[in-house]
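Next come two complexes, and both contain subunit A; in the first it sits with subunit B, in the second with subunit C.
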Partner chain A sequence: MAEQPKKKKIKRGKQKQLNRSMAGNALLFALMIFCGIFMVLPLVMIVNNCLKPLDELYQFPPKIFVRNPTLENFSDLFVLMNDSWVPFSRYILNTIIITVGGMVGHVVLASMAAYPLAKHKFPGKNVLFSMVVLSMMFSWTVTQIPQYLIISWLGINNTYLALVLPAWSFGMGLYLMKQFMEQLPDSLMESARLDGADEMTIFWRIVMPNVKPAWLTLAIFQFQQMWANTGSLFLRDEQLKPLQFALQQITAGGVARAGAAAAVTFIIAAVPITFFIICQKNVLETMTTSGMKD
Partner chain B sequence: MSKEKTSEELKVEMLSQMGTKADELEIKEEELTEKQKAKKAARYEREKKRELKFAAKSEKRMASGHGGKSSLNTKRMRHGYLFILPWLIGFVLFYVKSLVQTVQFSLSDLSVQPTGGYKLKFVGFDNFLYAFRVDPQFKQVLTSSIGNMLIDVPLIIFFSLFMALLLNKKFKGRTLVRAIFFLPVILNADAITSAMEMSRAMMTGGISSSAAETANAASGIGVDYYMKLLSDLALPNKVLEYLAGAVERISDIITASGVQIIIFIAALQSIPSSMYEVAKIEGATGYETFWKVTFPMVTPHIITNVVYTVVDSFTDSKVVDLAYKTAFDQMNYGLSAAFSLISMIITILILLLVVKIIQKRTFYYN
Partner chain C sequence: MAKDEKNIKAEEVEKDTKAILEEKTEKQSALLDRAGVDALEAMEYSEKTKKAIAKLSEKEIAMANEKGMSLEAYAVAKKQGTLGYRLKRSSWSYGMIAPYFILFFFFTVLPVIMSIVLSFTYFNMLEFPTWVGWRNYIKLFLEDDVFMVALKNTLIFAVITGPISYFLCLLFAWIINEFKGWTRAFLTLIFYAPSICGNAYLVWNLILTGDRYGYLNGILLKLGVVNEAVAWLKTEKFILPCLIVVQLWLSLGTGFLSFIAGLQTVDKSLYEAAALDGVKNRWQELWYVTLPAMKPQLMFGAVMQITQSFAVADISIQLAGNPSVNYAGATVVTHLLDYGSTRFEMGYASAIATVLFLLMIGTNKLVQKILRRVGE
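Let's look at the complex of A and B:
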């Protein structure tokens, strides 16, 4: 706080919009690097481990960086995968169906439900919303038994739907979307209504493009969650199980499969990170083109 | 209606008047009432016509988009319900139902039947009483996780807001840096943590654990040193403990704030750029712009993040572990349901309090 007058002086003197001194920038940069190292260390380890030959994996004391990088681990993994009696591509297909189905459905349904909650008035609105918040407080690991009962009652046990449908109506997405939609100016929707747009058009053409950062964020969350789902509770057929499950089986294979396990860990981590980077880029692009808010 | 009533009253009056006269007049009376009936019918028809006319008029008015406010509202209401419905069906089916069932379990003694299925025996609040009075672990675990949460949440919020502000600036390789800060969220997935644990066990004292050990040792010395320094300043003990806790938690906090950073970045990006332009034109400094523009616009999402953080820290907490163990290792499902309900109620109370406090200071754009 004490810095405030000083900054003003600098600004007046230079007649530039430089808000921060070089020293300040350097300090912030250092802090970011410090925190970044904390976060990036596990990933560095994962990447290096998957390139290490077996003898280096067991080396003690372990080195972070790989000496003689090989792709041996990946070829081991593929050999292992070809031995399994369900083709590897089948696992990938399952994962894609579950992840994309769960993600798209959740983003669409949660946004649709969030729109009236944020922008319309109707009886029962507050009750509904507090129910959503309440449901988020609950740890779903503990309700596994009731959930299992419900899913077998619906007869969707041992299908993709058992994983996809519950993901659609998760509470967190609705909450997040509502918070963002509330910030949209009412005049935007009012003018669309005057131009004769019905609610569907308003939702898809006006609301959704304007909250693109929000639903992309939601897509990232949901992708990550669905991707990490092993589905071991609901899927019994080997043919329906996702990649994550197959990979976990390999990881559990013990000492001899350490190399393949390292490769597996890399694959599991790499896909969500890639998805995140793609989505982030899109968020940036939207923000440069849609400066039309209000 | 009112006219009908008055005519009825008239009739009664007349009748009473006539009643005082002789019985002979009965026939006349009937005639009279018949006459009145005809009159009434005519009046009724007239009224109906008028109503119809009015209805047609108002419909016309509604169609042309003027007036008729209440019916337009009901139309919008119907649209609102339609939008919510698909989500709500799933929500009620998958979540509300299992929540209700958990409450039911918590109030009863569950036994699995050998023929399949389960049997519930209603025991009232026994499970809750057991949790607080008899269970050796529950109270301790509960208080420690609440304490942890109270320390973590404000730190996570401050840290993630700060980081979001930094990451929202334009610089080279911003996407990469953002990805790095999102890493902990991804690396928290079960499959990865189990794989990492395995590799750690394989290497017996591998990189991560040794790094953690050295970090712990270093921060241990640091904390003691700073505690001594700060106690010279005669700060109250609570503050000191909080600071010490914060220092020990640095890595936890950094890894727990990935999602919050993303939410804040999205929030920062949905601030209209015109606001910054105005601030610039008015000659606001960076400091002023932050407190007068950025911060107020972000406050609604501070609530979002507080809610998310509290929920996240509680669903990952030791209480949930304990409940899980009670359910699946000890097969005491009723007690486990009671554990999770108690922790849920406490979370809700804390959240209500915190949100109330923040909401007073929250700025809504509309």
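Let's look at the complex of A and C:
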């Protein structure tokens, strides 16, 4: 932020339109391009790698860009998939249940709990909220063991619930939703209350539509987290394991499977990216439609 | 005459009322019902208040008089101040938070408490834990040299990457917010790419490879900056700076996206008002309008940043190895992982986690205090 005063100077003199100068725009654009190249590097490499034939993958020194693109890696991957012990569609089904279940449940429960914490007054509110914030600071590596014991004690070990239920109670979602809901003007809810709406109706009809950017963002985070989950700690049955686990088994096959592994890396990244784009586009759309604030 | 007019008027009023009553829509009837309920409640309420006033002790009456309150007001205040009343009034709130907090208690609160208790024990995950009191903590601070190195590295790491990452998130989110439409969606994706691509930081292994085929070495050799290839991730003095750079590159994650969403919720009319009030350029606009309006997101971003900066471990293990050369890349969490998942000393690992926990709480308190001053 050191260049701040310099920029101010450039802009003084031509500020007739709404606070935006050409020089400022050009500078920001240049900065974005420069940093953007660095940031997009992994994406470029993943896409290029999955199109490389084996000899290019093992080329030394490695090149970023592919020279003879081929889809061989994907056909190899499909052959390997068909060989798997459990049908691959089963892995996909498991992943859908775990990812969608974990995501939707978390967004709903965390938002529902965030609303009273942000907008109601009740005894114990502050204690509960600080517990959530503090919980995010405790290393999960350590809590994994007690969590395992609790999940076994509840008897949900080796079921989808062992992955989905803890995901519903992650701290971050509640914190994020609460922060956004705090910004809503009280008058919005008050008028609905005068019309005789109960709190649940207010939550669904008024609060949630107004914090759409927040829960779409939360959905992105949660999707990413659930998608990356291999479930190896809690799921023993092959029948229950998610796609992520099966794909990683394929990549663990060593040198001969390097091509398939590159295709796997691409798929593992492509799914959350697709989801990200869909959500992000909707976050953007809310910009034009939300005029609800006072 | 006058009487007739009055009669006619009265008739008209009656007619109107009837018409209204007949034509009443569902909503109106609901409103009327509600008004009726309100009236009943109010009557009941006044009865209750009378009783409550009768129950007031002499001392309380004296106090009410002293404060210039009416006895009714005092009685109502007394009743509403009781915990039971407040709990009853909040049944909606409790109902709505219950599902989340029941799960939260089982899967987060209980494990954290169990871990803190375990930090006072010796626990190797096979035998039942044995109580050792403060011994883990004493060993941690007085005997464990590696922990001191790890603590120092973590603090350096957090102090550098924490604030810089935070400002980068804010800066980029804010710049991206200046763009419109698909450019914007595309830019968001590009900048978020390192966080969404899973193990994307492994790309840096290629860049920082220690022989002359590593990209960085290649460029530096060509430019004549260095004479021979540098083993970036195997040389003590380069490890931490390399990790810091990679972490900064990775930093546009949770905080960044929440800022992007936060900028969406800033009321656009605030900007117009600010322009009229003499806000001249986008930097002033940022400080006086945008930042104060998105304070809740700033707080959230700060907490996420703290948890990320202090808990850094994965990139250190993947790039520098665990243990790294002379522990130059050791952080508190790599140390914790070393004890927790390699040596199975869960008691000791829990003690490390507890110390880290306290460190983060302290930092968070400090940062929240600073953030309250934004835009003043």
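Keep this in mind: the second predicted complex is superposed on the first by the 274 of 294 C-alpha atoms of A that agree within 3 Å, B and C clash if a C-alpha of one lies under 4 Å from a C-alpha of the other, contacts with A are read in each partner's own complex, and residues count from 1 in each chain.
Throughout what follows, a contact is a pair of C-beta atoms (placed from the backbone, for glycine too) under 8 Å apart; a residue touches a chain by one contact, two chains touch by 3 or more.
These figures come from a predicted structure and were not determined experimentally.
Trainee: If subunit A is used to align the two complexes, do subunit B and subunit C fit next to each other or clash?
Mentor: Subunit B and subunit C clash in the superposed model.
Trainee: I'd like to know which partner A:Gly24 touches here: subunit B for first, subunit C for second, both or neither.
Mentor: second
Trainee: If we overlay the two complexes on their shared chain A, which of subunit B and subunit C does A:Glu182 touch? Say first, second, both or neither.
Mentor: both
Trainee: Touch check for A:Trp168: first (subunit B), second (subunit C), both, or neither?
Mentor: both
Trainee: I'd like to know which partner A:Thr230 touches here: subunit B for first, subunit C for second, both or neither.
Mentor: Only subunit B; A:Thr230 stays clear of subunit C.
Trainee: Would you check which partner chain A:Met137 touches, where first means subunit B only, second means subunit C only, and both and neither mean what they say?
Mentor: After superposition on chain A, A:Met137 lies in contact with both partners, subunit B and subunit C.
Trainee: After lining up the shared chain so the two structures overlap, which partner does A:Met32 touch, if you call subunit B first and subunit C second: first, second, both or neither?
Mentor: both
Trainee: Pick the subunit B stretch that clashes with subunit C in the superposition, from 9-17, 27-35, 225-233 or 315-323.
Mentor: 315-323
Trainee: Residue by residue on subunit A, keep only those touching subunit B in one complex and subunit C in the other, then list them.
Mentor: 4, 7-8, 11, 19-20, 28, 32, 35-36, 38-43, 45-46, 60-62, 109-110, 112-113, 115-117, 120-123, 125, 128, 131-139, 141-143, 145-147, 149-150, 154, 165-166, 168-169, 171-172, 174-176, 179-180, 182-183, 199, 203, 211, 213-214, 216-217, 220-221, 224, 228, 265, 268-269, 272-273, 276-277, 280-281, 283-284, 287, 293
Trainee: Please name which positions on subunit A make contact with subunit C in the complex.
Mentor: Contact set of subunit A toward subunit C: 1, 4, 7-8, 11, 15, 18-21, 24-25, 28, 31-32, 35-36, 38-43, 45-46, 60-62, 109-110, 112-113, 115-117, 120-123, 125, 128, 131-139, 141-147, 149-151, 154, 165-166, 168-169, 171-172, 174-176, 178-180, 182-183, 196, 198-200, 203, 211, 213-214, 216-217, 220-221, 224, 228, 265, 268-269, 272-273, 276-277, 280-281, 283-284, 286-287, 290, 293.
Trainee: State the interface residues of subunit B toward subunit A in the complex, per the touch definition above.
Mentor: 73, 76-77, 79-81, 83-84, 86-91, 93-99, 101-102, 105, 163, 166, 175-187, 189-192, 194-196, 198-199, 202-208, 210-211, 250-251, 254-255, 259, 262-263, 265-267, 269-270, 272-274, 280, 285-287, 297, 300-301, 303-304, 307-308, 311, 314-315, 320, 323-324, 327, 333, 336-337, 339-340, 343-344, 347-348, 351, 364-366
Trainee: Show me the residue ranges of subunit C that touch subunit A in the complex, using the header's touch definition.
Mentor: Of all residues in subunit C, those touching subunit A are 30-31, 34, 83, 86-87, 89-90, 92-94, 96-97, 99-101, 103-104, 106-112, 114-115, 118, 125, 167, 171-172, 175-176, 178, 181, 184-185, 187-194, 196-198, 200-201, 203, 206, 213, 218, 249, 252, 254, 257-258, 260-262, 264-265, 267, 269, 271, 275, 279-283, 285, 293-294, 296-297, 299-300, 303-304, 306-307, 310-311, 333, 336-337, 340-341, 346, 349-350, 352-353, 356-357, 360-361, 364.
Trainee: For the complex, which residues does subunit A have touching subunit B?
Mentor: For subunit A paired with subunit B, touching residues are 3-4, 7-8, 11, 17, 19-20, 28, 32, 35-36, 38-43, 45-46, 49, 57-62, 64, 109-110, 112-113, 115-117, 120-123, 125, 128, 131-143, 145-147, 149-150, 154, 165-166, 168-169, 171-172, 174-176, 179-180, 182-183, 185-186, 199, 203, 211, 213-214, 216-217, 220-221, 224, 227-228, 230, 244, 247-248, 251-252, 255, 258, 261-262, 264-265, 268-269, 272-273, 276-277, 280-281, 283-284, 287, 291, 293-294.
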